[in-house]
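The chains carry the letters A, B, C, D and E, assigned in the order they are written, with residues numbered from 1 in each.
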Amino acid sequence: MSEVLISIKGLKTNFYTYTGVVKALDGINLDIYKGETLGLVGETGCGKSVTALSLIRLIQNPGKIDEGSILFNGKDLIKLSEKEMRSIRGNKISMIFQEPMTSFNPVFTIGSQIAEVLILHQKLDQKAAWKKAVEMLAFTGIPAPERVANSHPHELSGGMLQRAMISMALACNPALLIADEPTTALDVTIQAQILELMKDLKQRIGTSILLITHDLGVVSDVCDRVGVMYAGTIVELADVNSIFFKPAHPYTTGLIGSIPKINLTSRQKLDTIPGSVPNLIQPPTGCRFHPRCSKCMDICKKEKPLLKNIGENHYVACHLYDSTPELR
Amino acid sequence: MAVETQDVITGQKKKGSIIKNWSEKNESRIKEIKHSIRLFTKSPLAMLGLVIIVMFLLVAIFAPYIAPYGAEERNWKELKQPPSEKHIFGTDDTGGDIFSRIIYGSRTSLYIGFSVVSVAIILGTLVGAISGYYGGKIDELMMRVTDIFLAFPSLVLAMVICASLGRSIENVMLAMTIVWWPAYARLVRGQALSIRERKYIEAARAIGASDFRIITKHLAPNSFSPIIVQATMDLGNVILVAAGLSFIGFGAKPGQAEWGRMISEGAAYMLNQPWMATFPGLAILIVCLGFNLFGDGLRDILDPRQRR
Amino acid sequence: MSEKLIEIKDLKVYFPIQGGIFSRTVENVKAVDGVSFYIKKGETLGLVGESGCGKTTVGRSILMLTPPTSGEVLFEGTDLICCNRADLRKLRQNMQIVFQDPNSSLNPRMLVKDIVAEPLIINGMKKGEELDRKVAQLLETVGLNPTHANRYPHEFSGGQRQRIGIARALALNPKFIVLDEPTSSLDVSVQSQILNKLEELQRDLGLTYLFISHNLIVVKYLSDRVAVMYLGKIVESAKTDDLFAEPMHPYTQALLSAIPVPDPSIKTKRIILEGDVPTPINPPKGCRFHTRCRHRMDICDKVEPEFKDIGGEHFVACHLIDKK
Amino acid sequence: TTPTPTPETSPMTIVSMVAGEPESLDPAYDYESAGGEIIQNVYETLVYYEGDDVTKPVGVLAKSWEMSEDGLTYTFYLKENVTFHDGTAFNASAVKYSFDRGVIMNLDPWQSCISPLLAGGLDYMNSNQTEADQKAYLDLDSVHVVNETTVQFKLAKPYGAFVPVLSFYAASIISPTYDQAHGGYKANEESEWMTSHMCGTGPYVLTSWDRKDKIVLDKFDNYHGTPAANDRVIIRYVDDWNTRFLAIKNGEADLIYAPTTYADDIKKEPNLVLETGRGTLSVTYIGFNQKEKVFQDQRVRQAFIESFDAESYLKDVCLGYGKRVNGPIPEGLPGFNPDIPYQKFDPEHAKALLQEAGFSKSNPTTIVLNYNEGNDNRKQACLMLKDQIEKYDLGITIDVQELDWPTYTAKNRAGELPIFYLGWLADYPSADNFIGPFCYSEGYYADKVSYKNETIDAIYQEALYETDPAKQAAMYTEITNGVNNDAAYIWSTQAVEFEVHTKQLKGYQWNPMDSHLRYFTMYK
Amino acid sequence: MKLRDYVIRRLLLLIPVLIGITFITFTLSHMIGDPAAAWVTDKTTEQRRAIIIQQHHLDEPLPIQYLYYINDLVHLDLGNSASEGGRSVAECLAQYFPATLELTVASMILCLAIGIPLGIISAIKKDKLPDHAVRLFSLMGVSVPIFWFGLILQYIFYLQLDLLPLGGRLPLTMSAPPHVTGLYLIDSLLAGQINTFWVALVHLLMPAFCLSFTYLAIISRMMRSSMLETMTQDFIRTARAKGLSEKAVIFKHALRNALTPTTTVAGLAFGGLLSGAVLTETIFMWPGIGRYSVRAISSTDFASIMGFTLLVVVIYVFTNLIVDILYAYLDPRVKFG
């Protein structure tokens, strides 16, 4: 496999709220390789977005990254000064969000908002930045980029804005693009447009992508590898085929089993995962999945399973595999 | 606040239906209240407001026990005395003890505040809820009417109404009610308009609920919190405007223990007997501050965005 | 399985837009513009389409929650549009709706038991022992612990809230339920719980569903027949398997190909539709889909294609069919 | 350019700061003291007084006068070489013009004091004032020009105090030429021009009037008498006491109007002189409206009288600035009798009277007591009375209410006030200006409060035409005793002179008939 | 809807409001026993009164009277002011209004100049000491009786510290600059009287601050909450993700968006300031319409009270209109509705 671009080790992020400490991330370990598209899936509230925001250190009050390291280009992002971190954001690592409609500032034109990144990171002057912005818009397949650049966000449709968002994110040739549910707010046909675009871009520029979604369809469509998250932990990490055809963790198994398959001919009962996501203020002891797990053992209630390599680039955090010898 | 749910799915379905025990029955309600209280205690300003309001209420209730002199007790031999041990805030130009008069004045202020605000709320809620819920022509008409009232700055409208009704506390209260209700109508209407769109209203209609039921059971309770906030702050505002009206000559009778009047009487002596106006003014300031602090805190608590 | 429980004929629902100086109605949002279909007793009709195409509006107007502009809504042969209030109220007991967003469909200030009991109370049941028992029974039916009846909705998870909504819908023993995207705000694992429950209820209680969704895969799972809507009109409807096996309308084809299939072994060639859905205020003339259609012909922007039965309960509205 | 602080405090400018602004500067219309002050400084009457005496009228525009035997005709011989501010000459026709004008315009001050005295005046007042009525009156020629310097007044009935009446500022002489040039006069209508413009013969000329701000009077160079000792007088209207007080402390004012409540504060200021002690021609009183059922009972009135501690009021509230009064006639007027006893304060007796009159806790009564807004002393007096009566614990509540001045006077005029605190200031220095309003059943106040005592009415009619001062005084004493016996009014106080000026200001003079101050003797 | 249509629509909507306002004032005028009160004083004779009643059609049926009333208003005949020696009310208003205008505009400027930065500080330091301090301060503003506050200011700044003048627009010894606009600050500059300008400015300070205190508080609160609201918006997160500094995020991206709702409040505040002038002008002896109205009240001069009310309401209504239009114009998202 190719080089590691970013290496996240033991990342813990907590939110200190009135009602208690939300232990949103409980020691995330994750490598992102150069040029790959890594999918991150999991139920709502499992910490996908927090992972992404922690990565570029945009966790806002009352949240705090308490432990862990994020190695990027040999530097630990956690230890960088805010100023150094700013020079990475939007430049080396950029991010796009779920709601294209609200992610642009309503009072500025699209073009000026894209140009802003270029002026900031590439030190272009106003005019050059604008020109580059228009180029970027054209790059993502926007017809009439000039007109779009001069438009205010409310004048454009969601699909268009998401393209513009992508243009902005790619403006500085980032090494990593984080996409937090980039298509969830869009219609099926528009979603298809954006997914096609992302696949296309991946080929054209070779940026690594961290794609966050809860749509397993999207994952299977565009990702190379998939990380499955549950309640602030990564429970399984493997290439996309392994996840879909050889899921190892009981949670992943349940997740894959609970989607209706397109090629079913008659109705059959879907798998379910009983219960619901735990409260992260008082997360279950040991394996956070144990209260919902059908294969729960005594050890699961006490000890937190570690992420273990159980096969060709297939990692799982589950006590069921404690006896499995590590492959690597 | 998801509930641990394994029991729901994995069985142990208790036969015997809903539990009858009071504390269990109201567990959630109690939890709600406790939660609100906890949120509230985290805000020092709101707590300060609450303390002020409680003190104010106690003072009003127990006025005769706290005040060293009567509300209208005048010692004609001790006019305009500066603060002393005998009269800690001094005396006024009729020999009344300012401290005692301020204490009794809290009753007047409370009386005005609560009457005006409660009548305005009832009237405003009625109009606003009907207007917001039905929309259309009724709404259009009612909103034009409130537009007209709201086109007046409140003090000015209260002033002309008082001027044409004549001078008395009752007229001041009437005028202020007339001035205040449209704001509530607006507020409730806005709430109604937004709540009307919520799906649970639709659900209620789908199960055949009457308009009356929807308004009383669904619309009203849910538009409650901004009204409570507004009402709390308005208690302060009403007291303030009433004092303003009193200052320009409407409202309280001569000699009556009313803060606005005490200030206006004291104003003429500001040069040499500043205590006459200073203390009643401080009383108004503190009480209004109490209501505003409390309301501000309530707003934060009741704002769902601030929750959890 | 042949009797038509619901039949809709040429349903139109317009929303006036007020504008101009005197706020007169200047235009209409033609949210539903001539829709006809039927649902047979005990079956599930899936209704799919992009956001804003009018799915919800159809569902709501069947229950008379939005008064239709014109057309007929027949429930067991009775036209609901002409009904008076009292009759409508009676008939309504037979029809219920479950909403997409379980957060806003439950009154946050009411306890769960009151929410579930409300339809019963409205329809004349007195408070007391019997009501409590009925509520407990309903909660159990949808798989909730009756001891939780004294809690507020926000103390439950999304899936559980959706179950509360279903319990409320079931309270009056309806024959027909409109399911307006009941799972689209839920996680997959929870979605499957709900889908299973709906399936189970239909089997046990003999319910008829109108299942609205934009997730074709879910629709496929639950529906007997599927109708595809585009901009206020149904462009195609057929038995589920027929539709998925052989979509006739170019829009259906594109829609089917656009769904990301959660199976990495299937790599379909996507048909990417250009541009966005036009607004329903001034829908395109002729065939509404012509602006985005790959097979556009001259006739398409002039003549509106007929919604035709091409056999086996398969209806399509497309000029291509005529050509064949 | 330089800043332009106009030298209003330069040596020969006197700045006086007072509270209320004039309503009008027209003597035929104005009937309040702020306007009266300006009128007295700019216009002149035929007669006035010297020093602080009010018993002996001296000629101002008149040299001398005489009364006919029957007391119906007064002949005045006028000063010569007197010019109006517009340069025209003062003469008998000017006097006639001014008097005809006053009667025809038929406004307040004339209606109440002058018109009824003149032959035909009362008839005219009672008519519709049509052109014919006006002509009828003018044809009577009740003010008759004998020659350039002689004028005759014909009275309707003999009236002993006619000469004092002529010292009332309403009887000022205005320039006919000037008035005619600016629209002349009409019946029942104030003259818009003359309300804010003046043209008289006095020591000052009206220079400007900035509404709600100031009036500037300048020395009249062609004045016929001793010219003013200063060049300019600025009268500023500042409602706020604090400002006035600060202004005089800072030297921005030479004189200010001060309510007595501030006496202590004033006395603390070393640079200020408080001129006080001499009695004004005024009486403050509390009137009972006998139309009200409660006050028809004389015991109740008596009880109220005995409940008002005038002595303490004077001492504690008025800080001694005032005098007690024993009846309607203030000290200093001919006819005042110091031997009449003061009303006495006797709470026990009062309580007994009220009990006797049927008041008890079980049958609560509320009585509304009114005074006019902004008058602190009156407020205090009312509250004092209230406190005393409520102390008896007989279920009587005194509801003290304040009313703004116009409403107060209007209600009073309509006889709608049950019990009220008011004052009466002399229009002209004569006891009948007090006895009449209070005691005669058709008098101004007696009428309002429905007080009527036929014996008194009879004595009054007689006293009016009595030309022997001693006899007249005896009659007035009889009337006063009668009224006091009837318990018709609570006599509260007689106000005293109360003026504040700086030490630098010299030449201060005061006469009880001055409507505030006359400035021409002052200098710095 | 186009902006032009929106403006026209708003202007048309103004008509019922104006009719309603006049209806209310008409009703109130007729509630005080004497409908002729506006034109008579307590010295007006009966005969004269009869003429006035005829002249102003006060003997007609009420609906007709209302039309005459409107007619009088249109011709700026607001009656005569009894408390001003019978001058016409319109004349009095014209005389006193510039002083009020000067005062309210100065207060408005103070409000914005102090309130907006305070709101920003408060939002940025949410739940920290500066936020608590600003909130307490601004709540003080809405809680303080303005007339009392004026007295206290006078006591401190004039009596104790002797820094600022007690009241009035200029010292008693100084004459007004030549009348052009009636605003002393402008007139003095026009006439080149720099000293007068400074003196007038110093006189303006205390009353303007006193008057602005209430609305300063409201504006800073509004600014705080709209700032907080804006800071939670997605586009702020985007701006941060771009690598912008916190300063740029706040001052470039958040401020523009948060200012727009504040302008509306500022518009409302203007009306509030006008009515607040009633109390402030009385305390500071400011010769404006507020003090005029209080004098009118103390002599039941109903015509003047009504005139004052109408003037204030009309200004209030029109400033709100202008602010709404401005708002619609400033915010590209606003749909005219």
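Methods note: a residue touches a chain if its C-beta (ideal position, glycine included) is under 8 Å from a C-beta of that chain, and two chains touch if they have at least 3 such contacts.
Labels paired with UniProt names: A = ABC-type peptide transport system,ATPase component 1; B = ABC-type peptide transport system,permease component 2; C = ABC-type peptide transport system,ATPase component 2; E = ABC-type peptide transport system,permease component 1.
Since the model is a prediction, treat every value here as computed from it, not as a measurement.
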Starting at chain A, fewest touch steps before arriving at chain C: 1
Chain whose average C-alpha position is farthest from chain A's own: D
Pair joined by the larger number of C-beta contacts - B-E, D-E: B-E
Rounded Å distance between chain C and chain D, as computed from the means of their C-alpha atoms: 91
CA centroid of chain A to CA centroid of chain E, Å: 53
Of all residues in chain C, the ones touching two or more other chains: 157, 160
Chain E residues counted as touching two or more neighbouring chains: 297-298, 300
Residues within chain B bordering two or more other chains: 1-2, 5, 8-9, 249, 270-271
Of chain E, residues touching chain D in the complex: 41-43, 45, 47-48, 82, 84-87, 95, 166-168, 171-175, 191-196, 199, 285, 287, 295, 297-301
Of chain D, residues touching chain E in the complex: 1-6, 8-9, 21-24, 29, 31, 106-108, 128-129, 187-190, 195-196, 211-213, 236, 238-240, 242-243, 246-247, 252-253, 373-374, 404-407, 409-410
In the complex, chain B residues that touch chain D: 72, 74, 76-77, 79, 93-94, 167, 249, 253-255, 268, 270-272
Interfacial residue positions of chain C with respect to chain A in the complex: 50-51, 157-160, 187-193, 195-196, 199, 214, 216-218, 220-222, 241, 244, 254-255, 257-266, 270, 272-273, 276-277
Chain B residues within the chain E interface of the complex: 44-45, 144-145, 147-149, 151-157, 159-161, 163-165, 233, 236-237, 240, 243-244, 247-250, 260, 263-264, 267, 270-271, 274, 277-278, 280-281, 284-289, 291-293, 296, 305
